[in-house]
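After this come two complexes, each holding subunit A, first together with subunit B and then together with subunit C.
Up next is the complex of A and B:
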């Protein structure tokens, strides 16, 4: 009887802990997921590390470099030490912090096409649409791209 | 013992959950990137639209501050004839009526500041709208400063130079993932004015509308129609847009024919070399300060400046988003004639097909070498 009660208590504790864990999720966590930029040429998975959000390239429409026929690397990076880092898995969104106004800011976005890093602010237009604005110094000097959320289960054909 | 173990397990699970929440939420299985190969939008109705740029295109300039310099050349100014009803007016002796006698002069240099900025107002997947402004100042340094006895054109250019102040807008409207509409419009005030601006009635409007296709990430083309002053006077012409980059991102073309066409050699994304040409031109109102002696305001005279610039351009990143653009080439005059508007109304000649009105003054310029350098803040 004591053993049954103990098992029940342990299960209840685990359930409560899990519920508590769920309740502790930040409203900023709705950013987590797999997203596709407007040009459809890559897919970015956004995750949370500590209190900040990061995005990694997880898919490329053209995964190989046409010049070498090997997997693409970050060859346009101005830092020579990073030119051989594979683009797949590259962390192109960094250090985003969820703000009380509902945006994610204080982060940067990296453009592998030209090796430039820009200031960036992310706004969620709806739960499946992001406005990603890369800018130089002030937001007026920037460009916004719209990213769409992808279903993580395979698409129906 | 069993109870203690279960509590320990529960505690460990709780702590583990907390630690997990604070660590990289990317899973260890993520290096299997194939799981992202076949994903669809959560929103079934989400559409893809083509972007305004193609891969490898030279970066757009948000802010530009430059200096333009043309070398020495001769400027042969003809008589300024009186024009009535689109043809030359004759005096009672049967001679052409002359307002100002022609003369030739040497211009040692033509130079000036060129500044512009373009700011994205709306930048969405389904609409990009940009607004901008520009200011060009062109000064003429004569070998011998013209006097009141000189031709009016020389006096005006020497004392006042030519100036253009304008605003412009660009709207890119993607229709699908492969097709788009592009509209460019501008309103420019060009003339010999100084601090005191000319009235807005002398604004000159240019516009172009292009329907385009973007079959791949590295190619876009389009066809359209433009109202332009690029050869000095008003014209309505077809335009062709063509931008492309080769598979290795080494070579490309950036063309908006007939306004400009360049072959691009990409050394790397921060170093680009171009060879090609650009047509430049405007219609400049002759508008002198009455205090300087001669007031041309009522004469309705405009300099129709049109020229082609064949050039090499080198653009590179100085640091991050600050780019330097250096160009050198040959300036070829197409037109520098003075037109007299009929009752202030534009003359649309359509290259002589619709009308063949005489110019009030026919001028010939030598063709010098030129260079241009500009510092630019480029767009993300």
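Up next is the complex of A and C:
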């Protein structure tokens, strides 16, 4: 009798745990992780805030400004008040919403090299590869970059 | 001649008066919230780490007796933001802080609103540099705002969490 009860309790616990896990996971969450753009000069960590997805720079191949030898800041930001925000940690992917067609859109990508923000759509080619398409106005007028998922935490620099 | 001048003036001034009359300038209310606790959950790694706080902005409770049905927030500006350590670790190993506002609304984009870079050494509380042009009306009018704090750590921190307390003051422009 006791053994039956223990088995029942264990099954119930597994069922509740699985249900809870399923409730927390959203299909869009597969985007969460650390990714490397094709040029290999930075690494971007994608997280979820509320129901939207955001990506920030967590690693730079060249973290310091060669002219000042200080950590790079967002010196090309069009908002003068934000030019001293550190580039490492900068949220360059913003406000992506997962869509029923399996893409993440409605978001923007920021290019710190020229301080410009572009519309952007993200497609997952496979679980470790993203097509990141930045564009102005219509998607046809844009450029796609391929990002690879990093299996481990970024190396120290 | 005078008739023509009056006619031209009328066509220019009347629409402007109408637009001004319909839109109104609204009234500005100062809104402060204190001791919002933001926790960065460990393990934390060298570099930027984020924590978030979900802030409910309920105009009815902010305005109290002054609230009238149909009132809404047309504009919001952050006027001050201070951050203090929420634990005994102080600001040790924290190089910089960036505060952003975000919303679940697909039409509303996240905005950086304040930062401090670098963080002054040995400080017990720090006033962030506020971006005065950050227009936050659409962000806060939705009701729920996510406050996102990015702390750039100088070293890995595996032993638990780091927490910070935030005080904010916003100027809310309210229209009927």
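By our rule, the second predicted complex is superposed on the first by the 130 of 157 C-alpha atoms of A that agree within 3 Å, B and C clash if a C-alpha of one lies under 4 Å from a C-alpha of the other, contacts with A are read in each partner's own complex, and residues count from 1 in each chain.
Keep this in mind: a residue touches a chain if its C-beta (ideal position, glycine included) is under 8 Å from a C-beta of that chain, and two chains touch if they have at least 3 such contacts.
Predicted, not measured: the structure shown is a model, and the values here were computed from it.
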Subunit B versus subunit C as contact partner of A:66, first or second or both or neither: first
First, second, both or neither for A:85, with subunit B first and subunit C second: second
Which superposed partner A:38 touches (first subunit B, second subunit C, both, neither): first
Contacts of A:108 with subunit B and subunit C, given as first, second, both or neither: second
Which superposed partner A:49 touches (first subunit B, second subunit C, both, neither): both
Between subunit B and subunit C, more extensive residue contact with subunit A: B
Touched partner set for A:95, first subunit B, second subunit C, both or neither: second
Residues of subunit A at both interfaces, subunit B in one complex, subunit C in the other: 47, 49-50, 54, 56, 58-59, 88-89, 154, 156
Touching residues on subunit C, where the partner in the complex is subunit A: 45-48, 50, 52, 54, 95-96, 98, 100, 102-104, 106, 108-110, 112, 115, 117, 129-134, 144, 146, 148, 150, 152
For the subunit A and subunit C complex, residues of the former touching the latter: 47, 49-52, 54, 56-59, 71, 73, 79, 81-82, 84-86, 88-89, 91, 94-95, 97, 106, 108, 153-154, 156
Of all residues in subunit B, those that touch subunit A in their complex: 2-3, 6-7, 9-10, 13-14, 17-18, 21-26, 30-31, 33, 36-43, 46, 48-49, 51, 55, 59, 62-63, 119-120, 123-126, 177, 217, 247-248, 268-270, 320-321, 377, 379-380
Residue numbers on subunit A that touch subunit B, as the complex places them: 2-3, 6-7, 9-10, 13-14, 17-18, 21, 24-25, 32, 34, 36, 38-41, 43, 45, 47-50, 54, 56, 58-59, 66-67, 76, 78, 88-89, 111, 113-116, 118, 128-129, 131, 133-136, 140-146, 148-152, 154-156
